[in-house]
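My questions all concern the structure below.
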Amino acid sequence: MPKVSVGILGATGSVGQKFIELLQQHPWFEITALAASERSAGKRYSDSVTWIQSTPLSPQVAEMQVRACEPDLSCQVLFSGLDSNVAGEIETNFARAGYFVLSNAKNHRWDPDVPLLVPEINSDHLQLLERQRYKGRIVTNPNCSTTGLVVALKPLYDAFGIEAAHVVTMQALSGAGYPGVPSLAIQDNVIPLIPGEEEKVEMEPLKILGSYENGSIRNANLIISAHCNRVAVLDGHTECVSVKLSRKTSEEEIIQAWNNYSAEPQQWKLPSAPAKVVRYLREENAPQPRLHRNLDKGMSVVVGRLRKCALLDYKFVLLSHNTIRGAAGGAILNAELMVKKGIIPQHSELSTQY
Amino acid sequence: MPKVSVGILGATGSVGQKFIELLQQHPWFEITALAASERSAGKRYSDSVTWIQSTPLSPQVAEMQVRACEPDLSCQVLFSGLDSNVAGEIETNFARAGYFVLSNAKNHRWDPDVPLLVPEINSDHLQLLERQRYKGRIVTNPNCSTTGLVVALKPLYDAFGIEAAHVVTMQALSGAGYPGVPSLAIQDNVIPLIPGEEEKVEMEPLKILGSYENGSIRNANLIISAHCNRVAVLDGHTECVSVKLSRKTSEEEIIQAWNNYSAEPQQWKLPSAPAKVVRYLREENAPQPRLHRNLDKGMSVVVGRLRKCALLDYKFVLLSHNTIRGAAGGAILNAELMVKKGIIPQHSELSTQY
Amino acid sequence: MPKVSVGILGATGSVGQKFIELLQQHPWFEITALAASERSAGKRYSDSVTWIQSTPLSPQVAEMQVRACEPDLSCQVLFSGLDSNVAGEIETNFARAGYFVLSNAKNHRWDPDVPLLVPEINSDHLQLLERQRYKGRIVTNPNCSTTGLVVALKPLYDAFGIEAAHVVTMQALSGAGYPGVPSLAIQDNVIPLIPGEEEKVEMEPLKILGSYENGSIRNANLIISAHCNRVAVLDGHTECVSVKLSRKTSEEEIIQAWNNYSAEPQQWKLPSAPAKVVRYLREENAPQPRLHRNLDKGMSVVVGRLRKCALLDYKFVLLSHNTIRGAAGGAILNAELMVKKGIIPQHSELSTQY
Amino acid sequence: MPKVSVGILGATGSVGQKFIELLQQHPWFEITALAASERSAGKRYSDSVTWIQSTPLSPQVAEMQVRACEPDLSCQVLFSGLDSNVAGEIETNFARAGYFVLSNAKNHRWDPDVPLLVPEINSDHLQLLERQRYKGRIVTNPNCSTTGLVVALKPLYDAFGIEAAHVVTMQALSGAGYPGVPSLAIQDNVIPLIPGEEEKVEMEPLKILGSYENGSIRNANLIISAHCNRVAVLDGHTECVSVKLSRKTSEEEIIQAWNNYSAEPQQWKLPSAPAKVVRYLREENAPQPRLHRNLDKGMSVVVGRLRKCALLDYKFVLLSHNTIRGAAGGAILNAELMVKKGIIPQHSELSTQY
């Protein structure tokens, strides 16, 4: 089977590097284009990047020439790790020109015709693509903290209903990109603010858990309150969550709802799909970012410490790899789902039949 | 004025060291005895301790001989930094023998005749001492995470009433003592469990905010839910708090309640009293442990980021120096209050007139 | 081909865990026994260990019963991660009873009949085994800091001769075991002492680079001076090395000597052998522990920054994964070499024909 | 006594902040001007700075208006924390206009008429000022790693002679300024390169230890080889040093040479002078940055672990606070010396009689 040709927008940035790391050996996708800002355009990739991944850069990618972010790249699909101050317009340009754009940026997440997609949760939202008037298509994945939260909430939402959630995050450094957080700012410290983050965590789950009705999404009806903090962890966002359920239930039923949760990516064994969407650990001090962020290659959301909450109903801790499940890996899983569903064609012409 | 002679129980441990650091230059107190476990007893202090404070040990203290924790020490007051697995009985023995015991351990906190004292909050609870049948007396200070929380809640409790609070802590390493948390366990990591801590944070504020009525404390009526985490910070516990108030109010009224809060230690300018009990910072990303933990010599509780909570009424972030305000400094302030009130006499005989 | 049955002494410790992590999927070896101190003996492995590896423990190993360190274990080969205060006698007992003991402890390293083995350097030292009078055999691997140093020196030693080396190490936390270095001791800090380490780094290379002559090892003739420091890095020892060569040469010749160096483990493609023994990186700020410690699955010694030294001849930086190349992985490679050479038989009887 | 009016060039940067922190309460100097890049000019200081010091900014300084770096500032003395890519010309302009410029930048360090001054070492080099043809004067302090090294070497240089030194540094994050080193680059890592640093450490001591002869400096005759590393420490450079002495001596004589070393700043008790220039600690694992960097308010160079070197004569470890002794504090001490010597006049007219 021929591989789908993919390009990366923002290839030199932190998310862009993660896309490359995950796609270097991908069974379905082949990197054929790298694009970044004007400053890098024209250079060899290895000359324009400060590579900070622990997996070495493959020689083929190292030698590729970085292009400008203009819609003349030789690929069908574009993974966008662009910064939100430029992503909106560039992604629109590519979609207009006929490319499939899988974006990690916030700009198009709330467009009414753009799915805010988590394949295990709302693959039916892909129906929104029929409304898009681009020659290509745009699909977004959520904010990195939203992803872990909404994946852990979904099984409970389906089984018991959720009225409210309170979440406090302890987010990893890689979420801020590179150079990102100065070492002098975070060593021996906690920063209790991530600008714009709390709003995303409070709002995005409402769209993701919402229902597709007649060509648009009706937001879910639950209240979320978020405090977001930066801590001195390289990768993996930890979140302390309290939930108020619609229907009373037991701890074991909740754990069962998590452990049994499965969706299309698991059934179809998509290359990036975790064996278990949510993995509940019974050790009393789990999950921990350094120990558990890479379970299922960083695509599982790991949960632990379920117990009663004196204020709402239950509380627990979740962990999600922010640059894999919460960014590059999530976007790649979105693309895999779209290939499997025939939305992204496996030949070089653009499919038009969704 | 002659200094009050004080001793330290558990002098080689992490809290014990902090007592020494804070008492080395104290205007009212003079260290005349150091006691620790049998393993250290008989040795020179500097030979029995792994000193981990950045203030050097004074030569006088370095040369003192460590004694066993038996009630034949030459001092009036004992500050106890003992571990809770031995503190209970030892402290009782000293109180029986006529010493004033100021304990940082949990063992006696819930004794009905023992004040769980924060001088700015419940100095009237010292009336409980009349009920104690020891020849000396025992007074306790709260858990380090409780202290920051309850100091920040008190002005709101008085001004508006509090029905519920939800708190997620990010606690410093020094709270676990020495050797405490292994570096391999916490570097590049968060540990989402501190055994026994959540129970203390949920319960202790009820006694502290409670009212003294006819010789006993009637607990305050509010609900607290706590998640406690360990993070890679040396000193300073950060807490994300959401509160439900009894009476609706504005952000500015809350800030005013904090900024105006003052109590006996401030009026009397006790040596360890912070100028401001609660210090509200208006910078959008404050408080931060590395930057603000030492304000007012580590005795102020620093608050920031007050904003509406989608679920309860308001949310904010607080920071409190866990080994100063939340442990050694808090116990010393308790002792200062007791001296000022004449409970601890400033001569070598035991006062009996409280 | 039937697998060789192996056991692990000190299975719950930090090195013991690394042995398990590396052996869980090994093509030649199968874990059939776990042994540890009396405190753990009789328990399920998962109940007796604080697992701190990021690779999950396999269910089979988790369920194994931990045994005492007595020579009645059902395996042919024992990997020892024992602490040196007990290793000496226990290892002797096992060797006497007929086991092959591959030890990471220092106790037997200087026994005149025990090879201090690095397969790429001195496999001829295995001839010492003929002198051993045990029913089984003991082979040791060097100290973790020695290993990286001596692997980087060997190609230069062969090609140009080395008269002297000056080395300053910046060693990882995992080298101190678990719980090991307290977080309060190392965060925001450097500890400029690792007791006993400098002596090992100065002496062990002399034996390893020595020549086998008539049943004993004649130490190499070079002078090494070492300063050893602990830094806040999880894994990977970094070493700043200056060398005085016997024969003058150019930088490119030195790099070529490193890049071309290969030995039996590479020729035989032993399972744990790195493709390149020494990997020279030309990036100006390489090697770095977080980025390069896992090259070749942690078995390559990574070198960079070769340049002239104003005092000796050349200086460079090396990096070696201390618990893989420098401990468990090194011992496993030793065992692989011994299997390949027929010293360890691949059937259950003890070979006697070396 | 009226205070000398001082300004700070590069006031918003990391060194600039340290100047402010140290000068806010200075007995001799009063901050009357703050200058920074065009981007900050015209703003209130507190609006233009990301204050990262743990001492709060004083309200007076917070309210000062930042000026451009042009020689119309109302002060006599300028402390320069400018980046070296702009410092050279700006400092020259100020000197020409009649200001005393105390620079922390490298640009003028090798000017033949500019002292590279460490008051305890080479105050006689101030005679070079007679050769300067500026209306004002320029004096520089050395690189932060050089300072610690040369202060520790000086007593040995005087007492025994030094032929060669080998130094490996482990340098703190604050040495790179703010934002400086990205957290993703240094957490769980060591970076074995600080561009340009090794050259400074190898060369600057030669001028500092050199002798003033007929209007110029004759460099000292010793060889230094340096490896410079960045480690995850907030403040305090640690250096592992080996020295070859001209005259053989004992460890105790060396320790005595350090402990007895004293110079003009100590005799005159200059406000920033440490009580002891070099402080030798006998604890076997000292010095450590977190524990000892603030001894003597960060102005003492702390030494430990003196022992024989197998290659040169002796080796030891030194620690120096890089932004205090090695930068802002060093420059302030230079200015204090110049005031004491009458070079900087204590009235508002420029002295011309040195």
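General remarks:
Letters A, B, C and D mark the chains in the order given here, with residues in each chain numbered from 1 onward.
To be clear about the criterion, a residue touches a chain if its C-beta (ideal position, glycine included) is under 8 Å from a C-beta of that chain, and two chains touch if they have at least 3 such contacts.
Every value quoted in this text rests on a predicted model; they were computed, and no experiment measured them.
With contact taken as defined at the outset, chain B and chain C are each touched by A, D.
Across the two interfaces under comparison, A-C and A-D, the one joined by more C-beta contacts turns out to be A-D. The distance from the centre of chain C to the centre of chain D, with each centre set as the mean of the Cα atoms, comes to 43 Å.
Chain A and chain C, compared by their mean Cα positions, are separated by 40 Å. With each centre defined as the average position of its C-alpha atoms, the distance from chain A to chain D rounds to 48 Å.
Among all residues of chain C, those that touch two or more other chains are 52, 187-188, 232, 234, 290-291. Chain D meets chain B in the complex at residues 52-54, 56, 187-188, 290-292, 294-295.
Contacts from chain A toward chain B in the complex involve residues 164, 166, 168, 170, 187-193, 202, 223-225, 227, 229, 231-234, 238, 240, 242, 284-291, 304-305, 309-312, 315, 317. Put simply, chain B touches chain C in their complex at residues 14, 52, 173-174, 178-188, 232, 234.
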